[in-house]
Amino acid sequence: MNSKFQIQNLNFYFNSEKVLKEINLEIPANKILGIIGPSGSGKTTFLRSLNRMNDFEITSRIEGKILLDGKDIYNSDFDVVALRKKVGMVFAMPVALPMSIYENVVYGPKLDGINDKNKLSELVEKSLSAAYLWDEVKDRLKTSGMRLSGGQQQRLCLARVLAMEPDVILLDEPCSGLDPISTAKIEDALAQLKKEYTIILVTNNTKQAARVADNTAFFLMGEMIEVGVTKQIFTSPQKSETNDYITGRFG
Amino acid sequence: MKLISEKGVQRILMLTAFSAISALLLIALFILSEGLPFIFKYGLKDFLFSSEWQPNLGKFGIFAMIVASLWVTFGAMIVGAPLGVACAFFLSEYVPRYIMRIIKPTIELLAAIPSVVYGFIGVMVLAPIIRDNFGGPGLSLLSASIILGIMILPTIISISIDSILAVPQSYREGSLALGATIWQTITMVTIKASKSGIIASIILGLGRAIGETMAVIMVAGNSVNIPHSALDSVRTLTANIALEMSYATGLHRQALFATGVVLFVVIIILNSIASVAIRKRMVKK
Amino acid sequence: MRIHPRYIQRGAVAILGSATLLTILILIFIIFFVLEKGLPVISLHFLTDNPEDMGKAGGIFPTLIGTILLPLLALIIASPLGIFTSVYLSEFTKENNVTKIIRFGTDCLAGIPSIIFGLFGYIFFVVTLGFGWSILSGGLTLAVMVLPTIIRTSEEAIRAVPKSYREVSFSLGASRWQTVKKVILPNALPGIVTGVMLSIGRSIGETAAVIFTAGSSLRIPTSVFDSTRTMAVHFYILAREGISAENAYGTAATLIIAVLLVNLSAYWLMNRFIAKRN
């Protein structure tokens, strides 16, 4: 099993508060890793440390190592911009940038200097199809992305990430505000996408993790309590906290 | 294709960010370097506390003009502050929000009218009324105060409304729910919570009144004397500079710059007080 | 005897209400007074003819040119400086002592009276740098004067751009500058333009800072080193030296219309901006 990410002794602080404690985790390639846990358990912070989105929090500090394909992404000579192109992210709130659907999708590639019209159109169709959105928007690519419904916007966000052709896709509770039909479409898309990508899915919905994730990690109060094959986590967890959480005793 | 690197962009932006502060320093430097030598030569005490301003005789005492500036500013406050604050409370507490959103920008338009136009209205309308009803030359401390009072209204109203609206609605609802009238809510809750913003607005208005030049030249009459009544003609510090700058040379010109130094120092002090008051408000939020 | 709060309330409404009414009436009076006396004077000839006899007769054409050129030059200089400053303050740096000093300097600059700008412009641009009484000196002086307005309004507009847009842009591999160019500036543009328009309004109406730096020549300028006279200065000279009340009213009305037009379009833009955001 080849791992995409290796996280070694990761500690994370906001001000002096320790929000992630001694995380050690290997994330295998071309699998979906589900991360579950109650709110405030550090899931999102962990996810955002994988593409260094926490850099914008002025008072944050990090210890330990995060290796992507064997290279430490917090090393001073690591190119952050290149990292974010390799590790795409879909946020909890669907945010279509205030531009057309087409422009939203080609935002990343254009930054990369791709300006060839045919190449871009090809990317748009491919990405939107992979995000299960193409059929709904193919006739109105020039309309504003903000006119789409929440569920469509979230799939647009996914397509926007896919257009960058990343290695890894991070999803931060991507379905938290969506209806069941949109959620199902995103889950279908993810199931297809794992053939080509490594996917890390933070979710508050344990059933969603059970449905789509190959492996599942359980976070509680900044610690990673347990990680394992999804089926095993949900049927015979090793730790009592995990059992309490998935059976709905708290959180 | 990249012409400039990200670091380069950051450096350029940082340089431009210092434009405002460097402009301020340049202004301070040039005004001081023209004015300070004169003050040392002539003596600070004679300069500030003598009322004799006779450039052709080499006498440069600005005391009368300091007094006049203070009176005019004080008068403008008497006219502008109560009217402006009353207006701000009425618009933000008694008037429906959508009407306030129309009236506020309309009042802010008052600030856009060139000061020379205010001065002209003072000359054509206000001064004759004062002359005919109260006597005196008409162009006077009183007319300058009224015109300046009107000119600072938009500053006071606009900033006061902003700080009144910044008071959380829950405070008001809490008070109203206990059976207080809107007026009682204003006096007991809203004023306290928006006090520093209102004070800041008045100080900024004060700064504008002290610094106003053209309108004052037109309506104040410009004779150098310590006023004994509101109907006397007066000359302010700003008017003194603007009136004589076009023909002053040598020591005379330096004296005008020295007058500018006095003005500059007063304004910086006022602004510092106002910006502390506004910061305090922001911290509270 | 205790007065019932309801009566106090009524009294307060009456007093505050009449204060508000008075303020609005004053505004309406000022505008109507000037327009009533000035509009009859304005004609195509008034706007396009050269003044005769120091402005006693004839039109105001050269002052129109001056009134367009000075604010234009001021904006060409101040807009990039102001916008870049606000981009730096809001996107490229964290709050620290340096930004505090920059902000304090901006606040101070905003409060400096125009006559001080006039003195400074005269001694620095006109005398020390040797630009003489000229469009260049006047434009530079106005640029320094409106810089704080542009910085403040631009910064507000930039801060109003949702944080999530930045996150999305960064997460898609954009650098800070790319994010500023592609997402932040386009979305903050209406707010920035509003600040620029307000600055134009202020420059058009300015007198004290202009008269000592651009001079008051009535000739049509042929280069930036020529002296010029703006409408505001022309109006001041006509009114103060009692040259022609009629032409003074005409100039004042033109001035007020110009300033109101600029400001109204600024508000219109701002409202469209707010409506679009909601």
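First chain written, first letter: the chains are A, B and C, and each begins at residue 1.
By our rule, contacts are C-beta pairs under 8 Å (C-beta built on N, C-alpha and C of every residue); 3 or more make two chains touch, one makes a residue touch a chain.
Because the structure is a prediction, the values reported are computed rather than measured.
The chain closest to the protein's centre is C, with centres computed as averages of CA atoms. When each chain is reduced to the average of its Cα atoms, A sits farthest from chain B. With centres taken as mean Cα positions, chain B sits 55 Å from chain A. Each chain gets one centre point, the mean of its Cα atoms, and the points for chain B and chain C are 17 Å apart.
Per-chain Cα centroids separate chain A from chain C by 48 Å.
With touch defined as above, residues shared between interfaces to two or more other chains in chain C number as follows: 175.
Chain contacts: chain A has no residue touching two or more partner chains. Taken in their complex, chain C has these residues touching chain A: 94, 162, 164-175, 178, 182-183, 186-187. On chain C, the positions that touch chain B within their shared complex are 5-6, 8-9, 12-13, 15-17, 19-20, 22-24, 26-27, 30-31, 33-34, 80-81, 84-85, 87-89, 92-93, 101-102, 104-120, 122-124, 128, 144, 147-148, 151, 175-177, 198, 201-202, 204-208, 211-212, 232, 235-236, 239-240, 248, 252, 255-256, 259-260, 262-263, 267.
Only residues 51, 53, 56, 58, 81-82, 84-85, 88-89, 91, 93, 95, 97-98, 107-108, 111-112, 157, 160-161, 164 of chain A touch chain C when the two sit together in their complex.
Contact residues of chain B toward chain C in the complex are 6, 9-10, 12-14, 16-21, 23-27, 30-31, 34, 82-84, 86-87, 89-91, 94-95, 103, 105-107, 109-110, 112-121, 123-125, 150, 153, 157, 180-184, 186, 204, 207-208, 210-214, 217-218, 238, 241-242, 245-246, 256-257, 260, 263-264, 267-268, 270-272, 274-275.
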